[in-house]
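Chain IDs A, B and C follow the sequence of writing; residue 1 opens each chain.
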Amino acid sequence: MEKLLMKGNEAIAEAAIRAGCLRFYGYPITPQTEVSAYMSKKMPKVGGLFMQAESEIAAINMVYGSAAAGVRAMTSSSSPGISLKAEGISYIAGADLPCVVLNIVRGGPGLGGIQPAQSDYFQATKGLAHGDFQLVVLAPSSIQECVDLTYEAFDIADQYRMPVMLIGDGMLGQMMEPVTFPEEYKGRDLPEKTWATNGTQMKRKHNVVNSLYIEPNELEKLVVERYKKYDYIKETEVKYETENIKDADVVLVAYGTIARIAKSAMQKARNEGIKVGLIRPITLWPFPEKIISETAKKAKSFLAVEMSMGQMVEDVRLAVNGQADVHFYGRTGGVIPTPDEVYNKIIEIAGGAK
Amino acid sequence: MSVVFDRPKALADVPLHYCPGCTHGIVHRLVAQVIDELGIEGKTIGVAPVGCSVFAYNYFNCDMVEAAHGRAPAVATGVKRANPDNIVFTYQGDGDLAAIGTAETVHSAGRGENITVIFINNAIYGMTGGQMAPTSLVGQVTQTTPYGRKTETQGYPIKVSEMLSQLDGPYYIERVAVDNVKNINNAKKAIKKAFENQVNGKGFSLVEVLSTCPTNWGLSPIEALDWLRDNMMPVYPLGVYKDKGANE
Amino acid sequence: MNHEIIIAGFGGQGVLFAGKLLSYTAMLTNKEVSWLPSYGPEMRGGTANCSVMIKDEPIGSPLVVNPTEAIILNKPSFTKFEDKVVSGGKIIYDSTLIDCEHSRDDIEYVAIPATQLAYDMGANKSANMIITGKMIKETGVFTLDEVYETVKKLVPASKPELLELNRKAIAEGYNY
């Protein structure tokens, strides 16, 4: 397989096209605009469509329309734009439609900045928009993983008929690394989209794509059913990576690009004889609670490292559930923590240099 | 005995929830008749709005998608662009189309999106109980303009047909009314044309239908029809505002 | 092999391209590599830089904080990065544009008048390639042939004159 040197944004766009995404609706915002640029160039060549919408709101609703019509559709944005898309994502979840949304996170709140951040963790995993619903949230840490998880995102979305969010940050979107694309992608076995609003052809009952249920009991029943699906996903779709956790006294928990920085810090600490391990959640929802809980039986301390004021750390604390100390180190506003900063925090937790 | 009138096939055989005297039912019927006459039910997808006609997805026998408030033209764009051979229409009220969804309206028109928009203008928010709409008339009393719409604070009504006809994108824009038999027949012709344009790949067509809301206007159905003629028509003159096909 | 490289200068001097050249070469020679640019408004005429990691082991943080080699094409970047270079590291800088004092004695300063050399060659925009050639020589990270191979891949086939120009510029720096 040919190795290509690609930016994260471009690799995700290419992977989406190869995964059969035929409709992409975007709106420019730094630092993810390369996704739109790439799509606008490539889509017409593969019989797909790129459309620059008049707003983030219009873009997600175009996705809603194409997803309803049974076609793989995607949109991408960065933090402020995702807030605008929140309404549409809630409708997509409520109408049980599959789609992929990419968030290349930047510092916030408000207009914030344009440098890398992870301060949309809560938004992505808990409170993205109104109503009881979840997204599957995938957090790649390398450009190769951007590619692999983009394929996965479309399959998961179609399998469970729900929106999937790919979450990265400006660093991941902008950096280049070598990647390979599978020659032939063997995806999951997926059910036919018999629910799609693509015309009855006078051969079937009309399909309705809708999220409105005026009867409380009817709506409750539907939401409860959806949560059974979420429970199943929690059992089957959790993804994570671990390193050095067997003998670790201090376990780092970090996702995305920050996991790489944490890894560098871990290596430095290991060289100093400090037993440090790493758990890297790949699915932020469903969160890898079990492995954290199990690891907490032996490890003394956990250290969540994030580019935020401490969001994922709350899920770490819930999973650890009092079995070990939980610490936090974070930078925010677009500031990237250095491996040395994380190392120093490890030393502090481990009780001084050895 | 010969049948002179029957329920159109594209209209579902269910009771409509609309108030007595409301003209939504008439417009639903016209749309369904046109779908029947063009024989396009099997490839038509309707996009329902938020507002009184939110349940439109229950009233048509073609595939239907329910959109968020104001987003119907964007959703319709997504449906149409996914399967360009399908016939896609939106059915929207004045709050949906001309307030919260103005951007989606203007830009789908600007793109010349090959869809059909049925725009119900009754100068009021019906579903939420009679608040000011962007199309409410100057001086019109509503729940949120209890002293009448004042230009100092609420400005002027938005004239959608006039506004959109300034764009190069739209193919066909006409304002009609459903206050009497003659106008209803004209409305049907306009709606049919708006669908035919799409079938022929011509692009964006919008039919603005002046409609009544007896309940929230506080009038009887008959009075409401008079009010529409006396008050709305002078502000919103009927007619063709744009027809690129007129000279073809 | 453990190179953590910063390439910095004004937007338009081709610092990102120089970084891409090194990164592609690293990929083609089967090294672990990452390339991370500065981005946003600072790219519009201000300073631009990129981090390039070239290693034998998989790369952790892609952000170069303390470069082993800093390739510097303007004064503000010299000031910004001089203190950050690791002890024993190198600053390779364009002495046509930079006349700063050397304030450290634990790093090596390699001066090359890249802009002047480019001008003399009649290739005003090639200072980035000239200084990259010098960097390759100074560090031994790649052979000249390996970099030539990359240039062949990066320059569009429709522009053979660019290929030759870039090769000449790299050789100019390498042999300076």
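The definition used in the following text is that a contact is a pair of C-beta atoms (placed from the backbone, for glycine too) under 8 Å apart; a residue touches a chain by one contact, two chains touch by 3 or more.
Note that this is a predicted model, so its numbers are computed, not measured.
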Ask   = What's the fewest number of moves from chain B to chain C, given that each move must go to a chain touching the current one?
value = 2
Task = If we define chain centres by averaging CA atoms, which chain lands farthest from chain A? Would you check?
result = B
Note = Rounded to the nearest Å, the gap between Cα centres of chain B and chain C is 62
Task = Provide the C-alpha centroid distance between chain A and chain C, rounded to the nearest whole angstrom.
result = 34
Message = With centres defined as the mean C-alpha position, give me the chain A-chain B separation in Å.
response = 40
Ask   = Which of the residues in chain B come into contact with chain A in the complex?
value = 41-45, 47, 54-55, 57-58, 60-68, 71, 74-83, 86, 103-104, 106-107
Request  = Please name which positions on chain C make contact with chain A in the complex.
outcome  = 20, 23-24, 27, 33-37, 39-41, 59-63, 65
Message = Using the touch definition from the top, list the residues of chain A that touch chain B in their complex.
response = 22-23, 25, 49, 51, 53-55, 57-59, 61-71, 73, 87-88, 91, 95, 197-203, 206-212
Of all residues in chain A, those that touch chain C in their complex = 3, 5, 30-31, 114-115, 170-171, 174-178, 257, 260-261, 263-264, 267, 336, 338-340
